[in-house]
Structures are given as structure tokens and as C-alpha cells.
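Dropping the structures in below, format is C-alpha cells.
One chain, chain A, appears in both complexes that follow, with chain B as partner in the first and chain C in the second.
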Partner chain A sequence: MIRRSLSRGVSLFLLIVGAMGILLPFIWMVSLAFKPRDEIFSADIDLLPTRLEWNNFVVAMTQTDVPLYLMNGLVVVLGILVFQILFTVPCAYALVQRRTRWRTVVFACVLAALLVPFHVTAIPIFLGFAEMGILNTYWALILPFIPTAFGIFLFRQFFSQMPKDLFDAARVDGMGEMEIVWRVAFPLALPAATAFAIFSVTAHWNDLFWPLIAITDPELATPPRGILYFRDQESGDDVGPLMAAALIITAPLVLAFLLAQRKFTQGLSAGGLKG
Partner chain B sequence: MTSETVLELRGVSRCFGANTVLDHVDISVKAGSFTALLGASGCGKSTTLRIMAGLEQPSAGQVLLNGENVSDKTAHERNVAMVFQSYALYPHLTVAQNMALPLAMRHLSVFGRLPGVGRLSPGSGGVRKMIHEKVGHAAEILGLEPYLDRKPGTLSGGQKQRVALGRALVRDPVLFLLDEPLSNLDARLRIRMRAELSALHKETGRPFVYVTHDQAEAMAMADQVVVMIGGQVAQAGSPRSLYEKPASKEVAAFIGTNAINLFRPEDGVMGLHPAADRHVIGLRPEHVSPAEDGTLEAWLETAEFLGSEILLGLRTTTGKFVRAIAADDYCTPPPGSLIRLGFTPDRLHAFSGESGLRVELGA
Partner chain C sequence: MIRLSRNVRDGLTDFWLAGPATLAMIVFIFVPVLVVAVLSFTDYQFGARDFVWIGLGNYSKLFGSALGQKAITNTLLYVALVIPASVGLGLFVAIGLHRMLDWAPRLSHLLRTVYFLPVAATLVAMSVAWQMVLHPSLGVVNQFLTLLGGEPKSWLSDRGLVLYTLAVIGVWQTVGYNMILFLAGLTSIPPELYDAADVDGAGGGWSRFWTVTWPLLGPTTLFVLVVTATNAFRVFETVATLTKGGPAFASDTLVYALYREGFVYFKAGYSSAITMVFFAFLLVLTIAQFRIVERRVHYK
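Take a look at the complex of A and B:
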């Protein structure tokens, strides 16, 4: 009994230490975002500000381009996600349903593509885009991420678990293959789609590497790229609004994740099928 | 009821690579008939059904529907309905939506089918009303009215099965194809659904093709049973003709509640028939019973009291196991007793030792 609660206590302690290590910079950011300027540079370390300085947020939202960056981030992230789903879902369905000799070869290619880091292809893509003259556009930020091996793999695994009878029933009922994809397969794959959306949105909202290469126009900067401009320019020494801006930029992700977490665990009743 | 042929398979073969699943299958389904495709798993009966449905293409041969070659038409173009073993209901749609879907696919335009905005499509109002009425009617027949707004996940097996039937029923197809529809139900429900299916068959007047591995199911419901063995049609005919004149010893072994006794010449059982030294003799347990003046002698090994009858397991003096059935009032002697068995000579079947095919014995 005692040993059990002891080991429980130890593991809990270690978990807390680990969580603190990861969360500390984040907590410090939140703390700074609410602190008035004079407290930020004080010698003592106080986590809680003496008074809440909302002005940091007002400055970040009104006197800087943060709203523009958020808007850009939204366009890019949603653009990527919509096109990814639009192309990935039918691909994955075809990979499961089409009985061609090349199926295993194609699937092996998808798996191989999973292993190639984006950084390897970044330079060729950059050169290609430069040639096409689409650098410094939204397309430059969206196009490279539309083909996603991870997405195809994820949906394929999900579709291959679905009973084949269901697709046959849809064919007997008169659905074309594309209709089966969007009216039967996709609604049933919503848990997979949610998981995929979280991965995709997080990765591309936070991505700094590619926007740094593809974009020089501040008007098109995504949030992380924008923060860099912000630091370089007018309020480089104004830590309060900078932290407030960083907080605003991370908040949507945290909120989205909390909301989606329920959907994540909810799953989808596979009733109506056998069992 | 006419005897016109609705569906005909002519020399249909199906190969997967070097593997031949169906080998020159000929089946014809008459108007208003109830055909059962009977066979062990892997005999090609499900593939046959899928070829009838248009879900699979034959490698050779023709599929004729009302005299027209439909080999390369889709299931939807053929207007056949199919009920799957796993029910294959759409889990994300309600019962009513599940049943309405085939009608919507047939009668609404691509735009009209879209959820929500489809209502704006011109002329869709009347069609929607018609669909609603048909679904209501089918639900009434199947007793599904209280469940129309439920999702399939909340229904029991029997109810799901009914929804699957309802989805087939609403569209008034030229042919119903059922792939082991009762095999996921418990025994009691299965027997009840059997009667309901027969009633449904009479009510629609459409031909049913029913795949099953359960000979009792096939014999009970069908007016034509097609026994398939190893991708070929072993025999097709009425349940009675299959039982009374099995075309081969494999068919004889498949049909009948109690497995038939097959006596090979080398079993050395005496007193059956003069031809027993050349042919395999088949004798059903229900035609073998204890009799004072019987010509067979065997030791009693087991006796199962089944209520209406007693199933006896015996071993002949030459070591061959024999099943026999005694009346329920038979006074069973203790195991190990030597019993004389009698049989009805005209219920005896003879099969060729080499090919296994039926041999007609002279009277």
C-alpha cells in the first residue's frame, strides 16, 4: 500500500518536473504579456504581475501588423488543409479500393515519401517557384504542402479498416466512386480527419522555415515570420507587447486543440456494421 | 406466375490470376422464383452473387438479364438490390436516410442530392415526397416505423437486418440478391426471419437469389437450390429432387440434416445391395432404423435423444461408423449391444466409385 502510493508520488513528481520544464518558457511568456513595462525589467523574479497590463495587447493588436499576420496564417493554414483533404482522401480511397498491380508499388512510394524531410526538397521547390514567378504569393506558401504522404498514409490505414461491403452497398445503391469517397468514406473517417487536421494546422501555423525562404513581403508574413519582423522593427525592445503578440498567436492553436480533444476521444460509433 | 427467365448466367468463369474461382457456371433464375446458392465457404457462391449484382465482372461467359447481356453494366444500371451479410448500413445516416439513399440516387439530380441546398433544386419537392412515402411504406411492412430517426448503431441485429431489407425493398428492383443475410442472427431470430423473408418474397413477387452455407435454410425457403462445389454447379433443382436424387456423393453429403452414411466397397459392409462391391452406397440415417429382421448388424456406440427421435451412432462388425435414427419410443439398449438395422431399399443411393456421380441401379 505504502510502496504503491510512494511510487505513485515519485512518478507524479517526475511528471510535474518534466511538465514545468516544458511549460516554464510558456508561463514566463504569459506572465510577461500581462506585466507593465517597469516590472518586466525589474531585478526580482515575480511570476504574478502587481497589476494586469492589458495595454500590451492593445498595442500588439492596434499598433503592429499582428492582425494581418493572424489573417495570413489563417488563409495559409486553411488553404493547405482544404487542398490536402481534397486530394488526399480520394488518393487514399483509390489506394485501398483499386485492385491494380501497381498498388503495392504506389503505396511503397508513399511510405518512402514519408521518410524524406521537407528541407531536402525545399531548395528545388524554391527554384521552381522562382522560375514560375510565384514566390511572394499565398500560393508559394500553400502549394508545397498539398501533396502529403502522411495524410495519404493515415487515411489509407483508416479506409482499409472499413468493411468492403459498405462500399459495395453504396455501388449497388448507385453511387459513383467519387460520391462514395465524399458521402460514405469521408464522413466515417472524421476521427482520422480531425487528427490529421490538428497535425496539419499545428505544423503549418508554427512553420517558420518555409515562409522565411518563400516570402520577403511583410504583407504576406505568417505569424511566426511576422514575429520576426516585429522584433526587428518598431518594438524590438518593447517586450510586453511582443509577448502579448506571441500569446495571441499561440492562443488559437491551444484553443483549437482543447476543442478538438473531445472530438478526438469521442471516436465514431462504427455501428450499423457487423457486431 | 410465369416461368420466364429473369436472370441467366451462361458459362460464367471467374479467375483471379491463375486461381479459377468459378468454372463455367450456368444458372437460370425464373420470374418469381426463390433460388438458393448453397455451398461450403470458398465454393464460389458469393462470387457468383457478386457477378449477378455487377460488383464483379466475369472473366468469361455472359450475364443475361431479361434476355439482354448486362455483363458490363453496373449494379445500379441493372436495378438489382443486394443485402449483405454484414448489413452494410451507413453508420452516419439515420434509418430513414439509409433506406432513402438508393431512391435519391435514382430520382434526384446530382445537385438535388446535395444535403441541405438540394431542397432548392427545381422539381425535387415532388420526388422527395415520393421517396418519403416509399420509405414509409417499406418501414410499415418491416415494422421499422419507430426507428426511422435512429442511427444503425443503436439497433439490434434483427432490426439492422430489416433496415438492410428495407433499403433493398424501397427501390422495387428486378431481382433481390441476398448474401447470407441471416448468418449474423441468433438461432431463434434466424428461424423467424426465414418466415418473414419467404413472406416478403411472395409479397414482392420478384425473384430472390439467396446465398447460404446452411442447407436447412436453403431447403426451407427455396424452390430452386443450386449446390456449388469447387466453383462449379454440382446440381440445381428443387429441394425434393436434391434430397431424393442427389447427382453426386458430394451433393448427397451436403443435403440433409443428418450426414448421409456412405459405404465404400472397401468398407466391406455386407447386406446392403448387390452393387455395393462396385459402387459407393449412400443411405441417409433417417432411412436406417433398428429392425428385428434387418440385414445390417452393428454395435451401438452412442445414442442422442432429440425428443422427436433418437440419433444412434453405431459401428459395424467391419469397423464402419453408421448413423441411424430410431423413433422416440425406441427402447435404447446399453452401448455395446449388437443391433440389427433395417433400411428402405428404394431410399438407397449408389454413386460411382471413381467419379462420385450418381448411378441408377436397376430395380
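Take a look at the complex of A and C:
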């Protein structure tokens, strides 16, 4: 009995110490975001501000381009998601429901595409976009992510578990294949779509690699790219507003995660299969 | 009106359904892979009108120069640091939280949320926060060290230290993810097996772990190892935000090097060779991952 409580006590202690370590940058970020200037530049350790300084947020939202970055992030992330779904769902449906000889070829393509990390394709896509003159546009940020082998794979798996009779019944009712995709298959695949949407939105809201390459115009910066513009402009003076900006950019996904934890962990761990 | 034969109509439907996605894969994935492979044998620079075939020149530059070697060894060292720490801690946290479900379920769920937080948070913004945590004079880490009578350290500008600092941030970011995968594995272990172990006299915590938990977690562990390795190989955000590969290339990694050579210095040919080497490493890992996933399915 004593041994058991002792071992529980030890593991509880270690887990809480670990959790504090995980929280450290979050706490420090929130604390600096709310600290008045003189408290930030003091040598004493004060984890919490003595009074809440909202002005840091006012500065971040009115005197910097942070609202613009958020807007750009939203446009890019939603644009990518909409096109991904439009392209991916019919293809996944065809891989399950259509019996043609092309099926194996397309599925082989999907598997091969799963092997290619985005970084590998960056140089040729950059070259092509430069040639077409579409660098520094929203399209440059959206187009490369439309093909998603992982999405096709995920939806295909989901569709293959649906009863075939369902689709046959829809055909008897005279529905065309495209109509079946959007009016029968897709609504039933909403759990897969949610998982995929969470994965896609998180990945592209957080991405830095491609925006760093495709965008040189600060007006088009996504949140991660934008906060680096902000940081590189301020000379170590505006720590409070900078941390407020970091907090504002991190907040949407963290809040969404806290509100829909189960869906988030499912969506993000499904993404692990993407490699 | 032309009546199309059934076969043609079916063919058109198939094309209409699967064509756009397939075409997008060809344009944005397969063609670029071929182009990058070809470019890696040239001296092409962005904006140049012409290029010269230089055979394996870019590769010998990468493997032969001190800078190229540095990018490779740094990446390997980073991966070697992150894998055991992130997988080990992930397993430890998962087992602790799984046991805690029996006597403090709410706390267990709360801690799980905390550990997963960095996975959902924007890494670049959090890196900016880490920069303040590790700030030489204003950072909480050095303030704490000074309080304890230690020497403040330059975590991000000390050549000998910087890669370890980045590895710690890498572990911080991935532990929660591995914990979730391990928790899923732990939940699928039938409790009867523990009862059987008790009957056989393997009732103590450690022997339960070695006789039941560890063997049954084998496939999960393998999967977690490979996923962690794949992600560690791609390290970019923290490097780009915190060190830009410096000081003196002490934290230069493959993906950062390919970004810098290609898109800062516009050496497309050399950058393509770095890309191909990075691709080769990841290809091996991803194929291993596929194999494991396949086996895990059979296992069930």
C-alpha cells in the first residue's frame, strides 16, 4: 500500500515537472505579452506581471501588420482546403467505386506521391511560378498544396468501408456519379473530412518553408512569415507587442484544440501517416 | 446529338472524377521530382539563361566541403538527439498518464492536454517565445541560473550549445505527439494480460512492464521511432527562426542549407543536390514507415 502511494507520488511529481517544462514557453509568452515595458526589462524573475498591460495587444493590432497576416493566413488556409477537397474527394471515390484499369495506376501514383516531402518539389515549383509570374500572389501560396496524396488515401479508406448498395441505390435513382460523390459519399465522409481539415489547416497555418520562398511582399505574408517580419523590424525594443503578436497568431489553433481535443488529436495523429 | 458508347462515357466519367487530382499530382509532384533530379547534375542558377552539365560536381561539393559535411552531420546529430529523448519521454509520459487514469482520471486528461499543446501551437510563433525564454539577459532560464549561482549561457549563439538547444525545442514540440501514439497502443493492450502476469508472479511494476507492456508496444514503438526520425530530419522552422544556421554554421541542417543555397544564394543546381540527399534519407524512412503500418494492420 505504502509502496503504491509512493510510486504514484513519484510519477505524479515527475509528470507535473514535465508539464511545467512544456508550459514554460507558453507561460513566458503570455506573461511578457501582458507585462508593462519596465517589467520586461527587469532582471528579477517575475513569472507573472504585477498589472495587466493591454496596450501590447493594442499596439500589435493597430500599429503593425498583424491583422493583415491573420487575414492572409485565413485566405490561404481556406483556399488550400477548399481546392484540396474539390480535387481529392472525387478521385478517392473513383478509386473505390469505379472499376477501370486506370485505377491501379492512379493508386500507384498516390502511393508514390506519399513518399515525396514537399521540400523536394520546392525548387522546380519556384522556377515554374517565376516563369509564369505568379510569385508573390495568393495563388503561389495555394496551388502547390492542391494535390494531397494523404487526403486521397484518407478518403479512399473511408469510402471503402461504406456499403456498396448505398451507391447502387443512388444510381438506380438516376444520380450521376459526380452527384453521388457530393450528395451521398461526401456527407457520409464528414468525420474523415473533419480529420483532414484539421490536419490541413494546422499544417498550412503553421508552415514557414513555402511562404518564405514564394513571398517577398510583406503584404502577402502568412502569420508565421509575418511575425518574422515584425521581429526583424523591431530592434529588441518592442518585446511586449511582439509577444502579444505571437500569442494572437498561436491562439486560434490552440483554442480550437482546447475546444475539440478529441478531433484534433485524431486529425493530427492521422497526419503522422503522411510521413 | 452524338450517342457515346457506354465505354467512352464511363471513361469520361472516370477522367472527370480522378483526372484533376491525378493531373495535379503530375504537375506539382512528379514533374518537379524529375526536374530537381536533373538540375542536381547542373550548375544552374536562378535567373541564368544557360547551364552546364557538371555530373556529380554538386554532390562531391556537398560531401567534400566542410560546410556540406557540417549540414549533414548536424542533421544526423540533431536526429540522434531528438529520437531517443522524444520517444523515451513520450513512452514514459504515456505510461504514467495511462496508470493515472485509474486513480485521477481528470488530472490525467488535463496533463495529456498540456503535453499535446505544442503539437497544435504555431511553431514559428513559439520559437519567438523560446527566443525570449532563452534570451541571454532577459530570459527566464538564465535569470533562474543566475539565481542558483550559475553562469548565464548563450543558448542560441554558443557554437557548442546551439544544436543541443534546438534539439531540446524539437523534443518539447514532439513529445506530446509520441505520447498520443503510445497511449493508443497502451489502450489496446487487453487488461487480462496483466492479470495473467499477476498470476504468474510478475506482479511488480517493472516486471509487468517488461513481460507485458513492452513486448506488446513493440509495433507502436517502431512506428513512433520512424515518425519521429522523419519529422526530425525536416527540422527547419526553429533553425530559420532562431539561428539561421549559425553561429558559423553550427546549427546548419539539410533543409535549411537547401533553402539558403537555393533561395538566398540562388544556386539552384547545388540546392537540388542537397534536396536529393535529403530526399534519399527520407525515402528510406518513409518506406520503413509504410512497411510498419502494413505489418501493424496484419498484426491486428
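Quick notes on this structure:
The criterion applied here is as follows: the second predicted complex is superposed on the first by the 234 of 275 C-alpha atoms of A that agree within 3 Å, B and C clash if a C-alpha of one lies under 4 Å from a C-alpha of the other, contacts with A are read in each partner's own complex, and residues count from 1 in each chain.
Simple rule for what comes next: contacts are C-beta pairs under 8 Å (C-beta built on N, C-alpha and C of every residue); 3 or more make two chains touch, one makes a residue touch a chain.
Not measured: the values here are computed from a predicted model.
Looking at the shared chain after the overlay, A:Val201 reaches neither chain B nor chain C.
Within the superposed three-chain model, A:Ala244 lies out of touch with both chain B and chain C [touch as defined at top]. Once the two complexes are laid over each other on the shared chain, residue contacts for A:Ala193 go to neither chain B nor chain C.
More residues of chain A are touched by C (comparison of chain B with chain C).
When the two complexes are overlaid on their common chain A, residue A:Pro163 makes contact with chain B while staying clear of chain C. When the two complexes are overlaid on their common chain A, residue A:Arg98 makes contact with chain C while staying clear of chain B.
In the superposed model, A:Ile180 lies in contact with neither chain B nor chain C. In the superposed model, A:Arg171 makes contact with chain B only, not with chain C. In the superposition on chain A, A:Ala140 makes contact with neither chain B nor chain C.
Common to the chain B and chain C contact sets on chain A are residues 268-269, 272-273.
The touching residues of chain A, counted against chain B in their complex, run 163, 165-166, 168-175, 184, 187-188, 268-274. In the complex of the two chains, the chain A residues touching chain C come out as 7-8, 11-12, 14-16, 18-19, 21-26, 28-29, 32, 40-41, 43-45, 47, 86-88, 90-91, 93-95, 98, 100, 102, 106, 109-110, 112-117, 119-127, 130, 143-144, 146-147, 149, 152, 176-178, 181, 202, 205-206, 208-209, 212-213, 223-224, 227-228, 231, 239, 242-243, 245-247, 249-250, 253-254, 256-258, 261, 264-265, 268-269, 272-273, 275.
Residues of chain C that touch chain A in their complex: 10-11, 13-14, 16-18, 20-22, 24-33, 35-36, 39, 46, 89, 92-93, 96-97, 99-100, 103-104, 107, 111, 113-126, 128-130, 132-133, 137-138, 140, 143-144, 147, 172, 175-177, 180-181, 184, 205, 227, 230, 234, 236-237, 240-241, 255, 258-259, 262-263, 268, 271-272, 275, 278-279, 282-283, 285-287, 289-290, 293. For chain B in complex with chain A, the touching residues are 50, 53, 55, 74-76, 80-82, 84-92, 98, 101-102, 105-106, 151-155, 160, 167, 184.
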